[in-house]
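Input: structures, listed below.
Two complexes, one shared chain (subunit A), two partners (subunit B, subunit C).
The block that comes next holds the complex of A and B.
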């Protein structure tokens, strides 16, 4: 059972204009009625949020506590701390990159083909975000415009037991092109809950490359949703990295809404310690000639549990659809667990769909080969793990972000169990 | 055959317990504890059976019908069902009086499959008394099996003659708490087959329900229990290729297989219940729980199924690989046409070390049909070196059909290797064109391609079944392309 008080109290501290106040109130009531998702729901059979009911969750203090040192980002930056925009470093005008509260309050709000909030759906956690998001971020790239630099959105947590609701709206107009990086981080010593929602609209021929990195505290809970709608001949390429969090779940709902849309979804997740991670993909081919490629690599170490749950649905008359899914996973410890659920749901006949999933462990022969060449066991293992995930990291080269990202990825790779010293 | 001989044949049914009480008043519709007590009393069951049925019933009352399968049907009113099949001579039902009253399409199908006239009558549910020829077949076989110590009889007879075996094994693989339909079956099951193969015995022939005279009437809540003792082996065939008409729309069977150390069970099914007409009216709901357990080391269970019938099929023949080094296999062809819906697959639960499983599932969807593979491969922490390979392919034959794949893979042991592949595609235009350019008619070309698609599964079937299955697929697909 959830206690409504904390959520109501959080809502009372948000001052929204009239029409949004009513919408927020109604979203909150819907959430309170539905409650937190539990394992009775098929989509939540592997990850439990029960612990949230026992946490003294509350809206973060106002203003945020302290401003931690900001790292270097190779591009435009909006940095949020406990849901407040605390740093803006960009030459882009505020109409292109600014807070969502400003964007949907202004006149320009009506110019998108898909309204704010209409992609996210009405799952209970999404309702909760709709009720309690604060400033949010909005990226609009005008028709034909190509952003030269990546846009970084940093969502950091600094207060213990805070509930955070980052909200992002991205509108890529006809033929536009951009790189977006969402980066979720937090104080490594605290528990908190990030429940972000990102909506992305791609108009005809638009292209977006989207990196989403969960690097939350090892004690944090992350339940994120990304909802994408693609118009004809648009291209959405994503790399989803889950490197942190005690419980980290990312749901990606992608709709290839018009003909010729193309999506490439790559991902790497690492479940170490006692963490639980879940990648939840829903890809809907709604129109003819859609093409989707999914390629995920997962690692589970120590007592970690990694879940890949990917579903491709091809709707009636979405002919000449081509969907391929690959989920390969490694179990690195006797107490770790991998669950994979790659699904195809096909309602058209002229399609080419396939998926493949594997679960195994590091190849002993390869380890032996490397050690016979004088490479120590730890290094050999690291080399093999890096090679294993590298297949899913192709977008790092396309975006020029390999140098920025690889050090953090390497730091997250499970290390070999240290040898017991001989006594 | 003289009338006297005829009468003897009918009497022999009683002796084997195939039909119990012909004078019995028809049971009322609906289900409560009284009905269950009456079923049990009618069958002359010992107290432990009644007790078990009642526990199952009370559990069933607490369960809700599952809703997760990708099938759609109007809600089932469980209180409007007869839970004990009325004996044939009680025949107040609407069964046809002669073949002339049977759906001509069904008759045409029998013609194509080359089914003897007498059998056609039995299959269509015409109110003849029995299929006499197979009675003699059954009795001859029975004598031979008895000399080897193999028990092969109806479930009711097993309850009376071998209560200890039934008590020891019944519900040990599919407990009455297992799922909604298994609970219902446990409470009200009418009859079914029982097989026990003693230690070290290799059953010399394929055992088949087809030889059991009452098989055509025990259908609705069938219960089958097969036990292969240490080192034993048996191959069991269920069903037949001919479409069978049945008045009971809901079928909820339970099959339990138990393979002890070094034992081997091969269970093959050809299911061709009435699928409803081309518009999707009528047809059987086939909600079956089938599960086998490799209880000892080196045990081996193989499920092979060809599913072409029923309006709705909901069936997951599974293997619990408890013994070290045990093997589970599942080979399936599921074909749906017109408005049929199938949600079928398997579960492989790896518990013992060095356990291996193989899954090959072929789905063919035509017309407005929907065909789903749903499977679970679970490797528990103690299952060192477990191996699984799964291959699911779907073939789409019309723009209005649907094909789904829902595999679940759950692995808790790092030395396990689990691989899953699936593909879905349309029947190849170029392949069709090639065959047609070589002078094959369209239907022959489709049949050839479909047979090639299913070859991996057909080769696992006993030979006579394989031949029939091929014919059956051809008949079921008629008019699906073109």
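The block that comes next holds the complex of A and C.
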């Protein structure tokens, strides 16, 4: 049973303009009524958030307790610590990149983004985010404009038992082009909960490449939602990396709303230790000639558990749609588990759809082949694992971010045969 | 260099090798011939350190040290190389990555400096020429989409790069047309030297027209039933393996 006090307390600390206060209040009541999602919901069958009810969760102290040691980001940066913007390094004007609070209510507000709040849906965790997000981030790329540098949004956690609600709104106007990186991190030794929501609108012909990296602490809970709406001939290319978190769940709801839209969804998830990671993709082809391609690679080591749940729905009249899904997964220990669940629902004609899902283990013959060349077992394993996930990392070359990302990805790869005790 | 004494090997309780004795000196080329299921490939795999085999009796000494406790990578670092009968495809690992990682692993183990990417390319260039391979082979995934002949050439390229002291070539001739066979044989011959021993495991004597062995051994039923010079291979070629039946008790194992 949820005790509403912490949530109400968090809301009372948010200094929202009047017209939003009512909306926040209403969202909170809806969340409190529904409660945290539990295993009665199909999408929450494998993962439990019960531990959140036992944690002394609270809104983070204000202002933040400590400033982060910032790493180098090769591009424009907004860095948040415990939901507060603490660092801004960009030459982009505030009308293009700034806090969401400013964009929709503050002095820099030009016009409230029309679609804000309309894509995210009304699941209880989304309501909670709508009630309790603080500064948020807003990226608006004007028509025809192409951002030369990637935009990095860093959401860091530093306070134990904090509940954090990053909120991002991205509006890509007609024919615009950008690279967005969302990076979720946290102090390694603390428990906390990040419950972010990102909404992305792509107008006709707009192009967005979106890297989303969950690198939260090994004790953290991450329940994230990305909602994308694509107009005609737009392109959304995403790479979703789940490298951290004790419980890490990402839901991606993507609508190819007008004809000729193209989506490419790549992902890598790694479930090590006793962590649980889930990827839920909801891809809806609403209009003709849409193209979606999903390519996920999963690794589970020790007693880690992963879920890939990809659902593609091709609605009536979305004729000549093309949807391909591939989910390949490796189990690196006898106690690891991955469930891969691709689904296709087709209600249109002349559609090309396919899906493939595999769960296997590292090829012993390949390991022997490499070790017979004098390559030690750990290196051989690493070579094979890197090769396995590399199939999903093509966007790193397209964005020029391979050098930035690979060291952290390598550091996350399971090492050796060390297994957790059975207890 | 290599002393095998009374080696008995079984797989899952089924005996495959039933007392192999074999001595190989530096500089020698030995051919091990025999019908399918005679245990040739098992012998090659056991020497390279593949697990899954029960070594129930006997010993193998390499450079006067007990070989059997060593892991495959320790054996490779000590200079043993196995060219696979069926080279594995490893999608996503570039040939150059495998070659350089392997070479540097071995150099590190020997206390030598690692080779950087530029020096390595210089080093590998001549070896590519030797095997009639162009640079593009370096950047393709290991054996992925290679023809049978390309795979076998790639094995010999690895051998040329790693410069082993004892090279075991398991059916390197199988599946090669005559042109590819000549290229591979030329590569192997150029690697012959006074410090290096080569073991050719083969079903047919065809390969031995191009790589002339010092000694030929016939393996049947898990034992060496005949040893001799090159003429033994020719005898086998004209008579087949059947004439051995009355000399050796066959234990046919399924391949």
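Just so it is clear, the second predicted complex is superposed on the first by the 408 of 423 C-alpha atoms of A that agree within 3 Å, B and C clash if a C-alpha of one lies under 4 Å from a C-alpha of the other, contacts with A are read in each partner's own complex, and residues count from 1 in each chain.
Simple rule for what comes next: a residue touches a chain if its C-beta (ideal position, glycine included) is under 8 Å from a C-beta of that chain, and two chains touch if they have at least 3 such contacts.
Remember, it's a predicted structure, so these values are computed and weren't measured experimentally.
In the three-chain model built by superposing on subunit A, subunit B and subunit C fit together without any clash. Superposition on the shared chain A places subunit B and subunit C such that, viewed from the Cα centre of subunit A, they span 80 degrees in steps of 10.
Contacts of A:366 after superposition on the shared chain: subunit C is touched, whereas subunit B is not. Using the contact criterion defined above for the overlaid structures, shared-chain residue A:403 touches neither subunit B nor subunit C, since it reaches no partner. Of the two partner chains placed by superposition, only subunit B is touched by A:336; subunit C is not.
Counted by residues of subunit A touched, the larger count belongs to B, out of subunit B and subunit C. Within the superposed three-chain model, A:357 lies in touch with subunit B and out of touch with subunit C [touch as defined at top].
The overlay of the two complexes leaves subunit B and subunit C separated by a minimum Cα distance of 15 Å.
Across the superposed pair, subunit B and subunit C touch subunit A at no common residue.
Those residues of subunit A that touch subunit C in the shared complex are 363, 365-366, 368-377, 379-380, 383-384, 386-388, 390-391. By the touch criterion given at the top, residues 68, 70, 379, 381, 394, 396-426 of subunit B touch subunit A in their complex.
Contact residues of subunit C toward subunit A in the complex are 48-51, 71-73, 75-77, 81-82, 84, 87-88, 90-93, 97-98, 101-103, 105-106, 109, 141, 158, 162.
Contacts from subunit A toward subunit B in the complex involve residues 42, 316-317, 319, 329, 331-361.
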